[in-house]
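Chain lettering (A, B and C) follows the sequence in which the chains are written, and residue indices restart at 1 in each chain.
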Amino acid sequence: MSVITEITLPQLAESQVSATIDRWLKKPGDWVDVYEPICEVNTDKVNAEIPSTVAGTLTKILIGTGEDVPVGTAICIIESEGSGQEDVAPQETEEANHAGTLATVAATTGSDVSMRQRYSPAVQTLAAQHGISLEQVQGTGLGGRITRKDVLAYVASGAREVRQLEKAVEQTSQQVRTTGIHLSESPKIPNIEIDDSYAAGRGETYIDVTPIRNTIARNMRQSVSEIPHAWTMIEVDVTNLVMLRNKYKEEFKKREGVNLTYLAFLIKSVVNAIRDFPIMNSVWAVDKIIVKRDINISLAVGTEDSVMTPVIKNADLKNVAGIAKEIEELALKTREGKLTLSDMQGGTFTVNNTGSFGSILSYPIINYPQAAILTFESIVKKPVVIDDMIAVRSMANICLSLDHRILDGVICGRFLQRVKENLEAFNLESSIY
Amino acid sequence: MPTMSYIDAIRTAMMEEMDRDENVFVLGEDVGVKGGVFTTTKGLYEQFGEERALDTPLSESAIVGAAIGAAMYGMRPIAEMQYSDFMFPATNQIISEAAKIRYRSNNDWNCPVVIRAPIGGGVFGGLYHSQCPESVFFGTPGLKIVAPYRPYDAKGLLKAAIRDEDPVLYFENKKSYRLVSGEVPDEDYIVEIGKANVLREGDDITVIGYSLPLRFIEQAAEELAEEGISTHILDLRTIQPLDKEAILEAVRRTGKVLIVHEDNKTGGVGAEVAAIIAEELLFELDAPIMRLCGPDVPAMPINPPGEKFFLLNTEKVKAAMKQLAEF
Amino acid sequence: MSLLSSTSQQAKHQQLGLGDEKLVAMYSHMLTARMFDERLMLMQRAGKINFHVSGIGQEVAQVAAAYALDRDNDYFLPYYRDYGFVLSVGMTLRELFLSAFAKAEDPNSGGRQMPGHFGSKRLRIVTGSSPVTTQVPHAVGFALAAKMKKKNFVSFATFGEGSSNQGDFHEGSNFAAVHKLPVILMCENNQYAISVPVHKQVAGKISDRALGYGMHGERVDGNDALEVYRVVKEARDRAINGEGPTLIEAMMYRLSPHSTSDNDLAYRTKEEVDHHRALDGLPRFRMYIEELGLWNEELERELREEIKKQLDEASNYADKAPFPTPESVLDHVYADTRKEEKH
């Protein structure tokens, strides 16, 4: 006989009351393992995967993508099979593909198995201690409940399947560009759905607005309409910085397992400059300006179809090496779609490494409700004049959009000067720790 | 080892203690010449004289108050309340005075008084001869409260209470007086106050209780054993202080617990036991904590069907135990 | 009642067996109690202590009673205005101030109870509480022990006229009388139970209740030291002789408000208070000993200075003394069967 299970939308965060299904990872007819992700949901720019609570076949999807549904709503149905026999001792399995049959349910016909999934604290504790998959255990309790005794009996019978507990998904090593934080894998192209009611021959295509896109659109609009943007730019000689980085990059990669990017040095310089000009780290609150004490750098991380801004918290308390590590960590998380809500919150100043996709000048939009956003453009070898002589130097532009309610040209100019000074101060003698 | 009834065990304890220590004496209504309305103090008057088996006026507050005064002096009084239903006039002396004397004098004075009172129904005594008032005094720091079930514990606990340096409420079950018998050693021994006792070992369910209902629990356990259900029985013996270690150990054994007492459910001792279990053993519970108690009514009536409805018995206990085992 | 010279009355104290030194000692205790009480009132108003319950106007009866008892053997269960009494049986000013400041060294309760809740095993002052009259059955219990152990001590309990209406008074009195126990119950009838005047408290005469319980009862002028002395002495003899308990009703007046939290002019007139102040037994007793030639202005001044010095010393000491540690709140719920620790 088969067991029908409704998978319901869980509550992922305290105040969360609903979520939107962004993408189904399984379709009707697919086999689903217990704890295997079946869909991605989206709340406030964070993707989370929902794992299945049972093993079985996905028979029906109840909620489609793009729908905002309350926590607790049934989102799909999974059908599991149970064999009719009393098969109490399943074979030891080593295969990665698992779990054929569910353990037998109570042998009496027409028995109620409503309690089969109700694992008491004792049962869960024992299962965890002995590495048991509860699917394999026969439930003799009320409503087919697996009792503590059942688990102990199972253990005693010697049959045990060591379950691969949920570990962090292996990071498949991907090539990450050394100066950038962009993807190099094949892009995720959003579903293009052609609406039949219009003549497709017209040459138009419709792209569904994903929840992420929606959020970005909303934030951009708010930023542009509320904040009076002004813009300024400065040129920085990063020749010494390039040399410093080249000196350390191999060793760093070997030792820390992480790339030492120019961005790390930039962020360090920016953070130190913010220390000297704390007004750059503030928020407009109509009758007052709130100067934030913590310096949490929002990092613009682009994917092919969107941009996210995870936050390096308390960046001022980290050295270049620490910042480099965190950049890579956040980049990886972004690519995997594993950013959490807290990764995204608390930013006070944004930095965007626009140079990594070749730009030499940008006009960035401020990350609402911060006071400014800074871009680091491409490093280009250029002829420059030093001491009335021509030299070839590595130069990079730094652009700044600012909230003209809070900041003016003078203070921003000074700030940028400081960033420039800090960047240019890096040389072969500098320490990255 | 001799077998004796619960009431004989109590009497023997008093007799032995009064013999051993001349500061021990009994006071209360009808305890002297009559020997007590249940005959609990029978023979003490003849053996020890009218002063040490003292017939008092009908004044529970003065009985307990005078006992407190004598205890503070250095005597070892056993104040008898004729029925626990009538001890409430003495509540002020018990809670405001006895419980607090050591604490309020910063250990200068203490009050080694024993107050005995019969509890429980089943004697067609109606509302005012059947109550279990343990919960009224339970939770008052400074008091110790015991409620023995077996005659062995009745004797041992009363001796311990008499020798204790602090006030002890000794709740004896009146129905048990003649209904319950057991082995009681001849010699001098005490049962330590604050220690529970495992009456039966088992692996499927744990039942925790005190006083007469344990008799039904034991009978039910016997019957359920034939059905393949193995019961672990814990006799609390002391209600305050609760033997927390023993409670947790007993519950850990099976993960399923049923708490039983005749006193009404709400605010009873079982509620505290349940709270302790919930606080400490969340991850070892295999079923919700169950309680089987008297109903939340002021007291039981005298009409037999009504009294039966109120009281616990083997069938009710067995049904609850079975339900728990099958969960 | 006049104490003016009259040969029979001048010898009165001697008739009662009181020597001259004893008289002076009594007066000294009375004055100490009075000045202590006044000092505490001031300190409370000054914010140095939180609370004071005053016994001004009641010292004479308390001291006289104390002197009539066996201060080395009897057991005492005073109530919360009895500073005069406890000072007379051996409590020191320093100890009383420690209690007022609720310091750790306070022997009465280690800083746990409110002031006026006396207790000292050493001095045989039984620990008291706030629920009134509970000490009456306790006193009966001590007397019961005395009888059972055939010891020559009595127990002495005091309480106000309001407290005499509690069940414990009636139960205790009856119990004591039935078993002929050596207990003395002295009601300090100070005319007020907080704001309730005596005519709303009692319909009959408190000392008459003794008749109902089958014991000796007597009413006495609480401001007449020698009368109180006489009556208590007789009660003690009665008790020791196995004739049972005595109920004494000592009439006096509570010159102070009930406590520092009480505004007494809300329920009585200043005239009434002044009228009774004129009847205060303390100056009367002073006059008595002056007439006997045992006392004079000079000695009065000296004594006052001495007492003031003692008050200053004691209150300073107590003020500086440490509080009990916060964790000590957990101690002494039961007998400590562990080894002695720092507390």
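Throughout what follows, contacts are C-beta pairs under 8 Å (C-beta built on N, C-alpha and C of every residue); 3 or more make two chains touch, one makes a residue touch a chain.
Everything numeric here is computed off the predicted structure, so don't read it as measured data.
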| item | value |
| --- | --- |
| Most heavily contacting chain pair (counted by C-beta pairs in contact) | B-C |
| Central chain (distance from its CA mean to the mean of all protein CA atoms) | B |
| Euclidean distance of C-alpha centroids - chain B vs chain C, Å | 41 |
| Centroid distance [mean C-alpha coordinates] between chain C and chain A, Å | 79 |
| Whole-Å separation of chain centres (CA-atom averages), chain A against chain B | 62 |
| Chain B-touching residues of chain A, taken from the complex the two chains share | 120-125, 141-142, 145, 147-149 |
| Chain C residues touching chain B - in the complex, by the definition given at the top | 75, 106-113, 117, 119-121, 126-127, 129-131, 134, 136-149, 155, 167-168, 171-172, 174-175, 178-179, 331-336 |
| Contact footprint of chain C on chain B as seen in their complex | 25, 51-52, 54, 56-57, 59, 61-75, 77, 89, 92-93, 96-97, 100-110, 141-142, 144, 164-166 |
| Contact set on chain B toward chain A in their complex | 203-204, 254-256, 282-287, 326-327 |
